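Please find one structure pasted underneath; my questions will follow.
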Amino acid sequence: MSSSRFFSWALKAYLLVFFVYLFLPLVIMAAATFNESRFPTITPWTGTTLQWFSALWADSGMWSSLVNSLMVAVGVLCLALPIGIASALFLTTVDGRGKSFIYALILSPLLTPGVIIGISTLIFWRGWGLNGGIALTVIAQSAFIAAYVMLMVAARLQRFDRTLEQAALDLGASQWQVFRRVLLPYLKPAILSAAVLAFLQSLENYNTTLFVAGYDTTLTIYIASKVRTGLTPAVNALALLMILFTVGLAMIYEFKRRREAASRPG
Amino acid sequence: MWQQLRRRFGVPLAVAIISLLGIWLIAMVLLPQWQMIDYSFHPSLLPSERGGVKDVWSLTNYATFFHNDIHLAIFLKTIWSSVLVTGLTLIVSYPLAYYLAKVATPGQAALCLLLLIIPFWINEILRTFAWYIIFAFKGPLNELLLALGWIDRPIRFLNGDTGVLVGMVYAYILFMVFPLYNAIESLDTNQIRAARDLGAGWGRTHRRIVIPHAKPGIATGCIMTFMLAAGSYAVPALLGSPGSRWFTQIIYNWFFEGGDWNQGAAYAFLLLVLCIVFVTVIMRVFKVGLGDIAK
Amino acid sequence: MDGRVSLSQVAMRFGDFTAIQPTSLDIESGEFFSFLGPSGCGKTTLLNMISGFLTPSEGSVAIGGSDMTRVPVNRRPTAMIFQNLALFPLMSVYQNIEFGLEVRGIDRQKRRKSADELLELVALTGSGDKPVAELSGGQKQRIAIARALAVEPRVLLLDEPLSALDLKLRQHMRIELKAIQRKTGITFIYITHDQGEALTMSDRVAVMSEGRIQQVADPMTLYRQPQTDFVASFVGENNRFPGRVMAVEGELVTLDAGLPAPLYGRSTVPLEPGDPATLYIRPEQWRVGPAADRHLPLGGVILSEHFEGAWLTLEIALDRGPTIRAQVPHLTPGADVEVPLVVGGACRLDYSPREAVVLAGAVHEPTNEEGVDVAATA
């Protein structure tokens, strides 16, 4: 009995340490935004200020890279969502020989290091005259983000009751109408979640983007370059805003997901 | 396959599905990889020399790698460090995953999962940058250790591999926790109770009951973590020093500083082979299939 | 509106497995027709060939006189009620009912008008805006019917639609389905493994087993004149006496079933003395009397009795014969049986040969699991 009490006590202590480890760096990074010190730190605290937000506001490089990032993210949505949905439809419809091979191919981008995806995309498209830039970034990121989309859509698709399709067909709908009116509305929540995830993945991506961005610097590449050259707490201000943005998006997503789960009968 | 698609979706939609899947797998996955491999077996040439007499299949690029002691050492160090990161992450994640799956009440587990997800949503660069601040020469960690009197001079954490290891464990921990949690959660709690009831201690219960059951989760977590660690560029670039370079940095240099893409492709292919070997070995050792990893 | 359905020599094979043996059948326009059989007998396969979800390996399907064999499911004049109803969960009641009209491009007002009429027909006026998730089981059932009727099918196909309902509702829906069928005059083709459903609602019933139609007849004929051993034992209960024909006089057959006395029954198939044959006696056809009543030809010992309200069910071991099941009116004061029947006591039995069917062939083994076969010989 005493050993199990010891274990449960140790587990609780471990949890505490773990979550401190998880959040303290983020808190320190956020706090450093408000320190007057020219180098981002909290020691020593030289005075509280909001000046780094205005420094960030005045940073034109940040703004142009943000615009690039958003353009890439929108492009990824346009490319990776249809591909991911199509693959999920494919995998849940067909069976037979060759399916497991295609399945392995579909999953392979998830098991390939991001730099490799960037490099292979860069090399391949140079042969077609397409050099690093926004378009190439969209292609490279979509190569693996589509696999995430596929997994999320397929998970919901597997629970779909195929007799609904039969019923719609039987009532005279064409296959397109069945897809449009029955299957797509059913998939909508999964597609929305996948879109949010794909958007964030695209905004955050660094390893792949590094090789294919060319001169169209994205936000993550801009931040990384700032950290190495010309680091000021303006980067912290940007980090804080990005954290608030992602956390906000995550909360909305989580809230919607829960409300949906609660409203589902049974 | 075509028949099944056509019957369910009709010809236009079936064509669209096949085309999208085909474009993805062929133009975005297979051909680029193939081209990269092909590149790695050709010498770097001026555009005018391509297709000429010098454009031959050769192993020169690989020979360069195996004759460069520094690169070889960095490659081996990358493997070793990635294994270390994977092991550390597994050790750190296991108690947490076990707590979430078997000890916590549903409410506590939901809260913890949400807390875990929040950093997961935040950029790898920013998560690494946070550690950059902590590890800085005059940063909070050194200040704390000095104040506690545990050290008398600040330590240059960012000079060796320590910073890189800690940063990587931090950055990839969630890729380990979630597969582990999913695997342990599916274990019938009564099995643990039965083992305890039959007199097994905590250590034995975990070794004989929980860990064997969680094997697919452990395999998935290790594969993801190793792949991310070996392929990481951001963490070593931010938290490492010139003396502790990562293999990805060498690859990057071939592309954007050395300007030798063929050489870079060879290095990239080596990294890819390394990851494939690791995935295969883990899948064999743990006897899991691709389907288990996708969960 | 011509709702005839003709199957000519349709067969269905999946690889080596033959799901439907070549079958021909004509269903009249406006008929309530049921396919009755245990699960796996092929009735759902037949239904899917009529609806168009399956294309027969051989033969042809015609509806209203025109060939439908190659017509895809969404262009056939049929509508289906699915076993799980398959209501679209994300749509309202109106949207469900109007779906078939909407995909045909019919304008909103006309759609709404016919939806309202159908809601009235199924007695759910005013619930059109509800989400289907809020409906009760019986209401969902009616919406499924309304949705199928909205497309004005010539043939309505029903795939065990009542199986998910509880007993009371199921019995109520039987009456309602029959009433809707009369009102609309549409051909109903009904699939079920529940003989109560098939017998109460149908004009005709096809009993199926192992991919073959055993008999097509109206419910009364099916019960009183089964043509195969399967039908005799699957529809209702039967006591089975395999034996050998001793004599034939017109329809009257004398059978030696190894009992102390010969058995008498009626046969519509030609039989010769010496032929193997089986005689069937329904439990309710037995007359059970006191052991002293020597007018009754057969003797036995009562093994058990079960009180079932209107009936008393007895299990009786016949002297030198099998154990049979008999249903007798239970003994109330003033009943004409004076000697009470005691478990463990002897009794005498008789039955009316007019109601005992004789079929060719001596069947000793029960042929299926769902059919109640009381008289498997020891």
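When the chains are written out, they are named A, B and C in that same order, and each has its own residue count from 1.
The definition used in the following text is that a residue touches a chain if its C-beta (ideal position, glycine included) is under 8 Å from a C-beta of that chain, and two chains touch if they have at least 3 such contacts.
Here the structure is a predicted model, which means the values were calculated and not measured.
Any chain touching subunit B that also touches subunit C appears here: A.
At the centre of the protein atoms shown, by the Cα-centroid criterion, sits A. Distance between subunit B and subunit C, defined via averaged C-alpha coordinates, is recorded as 63 Å.
Averaged C-alpha coordinates put the centre of subunit A at 16 Å from the centre of subunit B.
A straight line joining the Cα centres of subunit A and subunit C is 58 Å long.
Multi-chain contact residues, meaning those touching two or more other chains, occur in subunit A at positions 174.
On subunit B, the positions that touch subunit A within their shared complex are 1, 4-5, 8-10, 12-13, 16-18, 20-21, 23-25, 28-33, 35-36, 39, 92, 95-96, 99, 103, 112, 114-119, 121-127, 129-134, 136, 138-140, 143, 170, 173, 201-202, 223, 227-228, 230-234, 237-238, 248, 251-252, 255, 261, 264-265, 268, 271-272, 275, 279, 290-291, 293-294.
Those residues of subunit A whose C-beta lies close enough to touch subunit C in the complex are 161, 163-164, 166-174, 177, 181-182, 185-186, 265.
By the touch criterion given at the top, residues 3-4, 7-8, 11, 14-15, 18-19, 21-23, 25-26, 28-29, 32, 39-43, 82-83, 86-87, 89-90, 93-96, 98-100, 102-109, 111-117, 119-125, 127, 139, 142-143, 146, 151, 165, 174-176, 179, 200, 203-204, 206-207, 210-211, 220, 223-224, 227-228, 235-236, 239, 242-243, 246-247, 249-250, 254 of subunit A touch subunit B in their complex. The touching residues of subunit C, when paired with subunit A in their complex, are 51-53, 73-75, 78-80, 82, 84, 86-90, 99-100, 103-104, 133, 147-148, 150-151.
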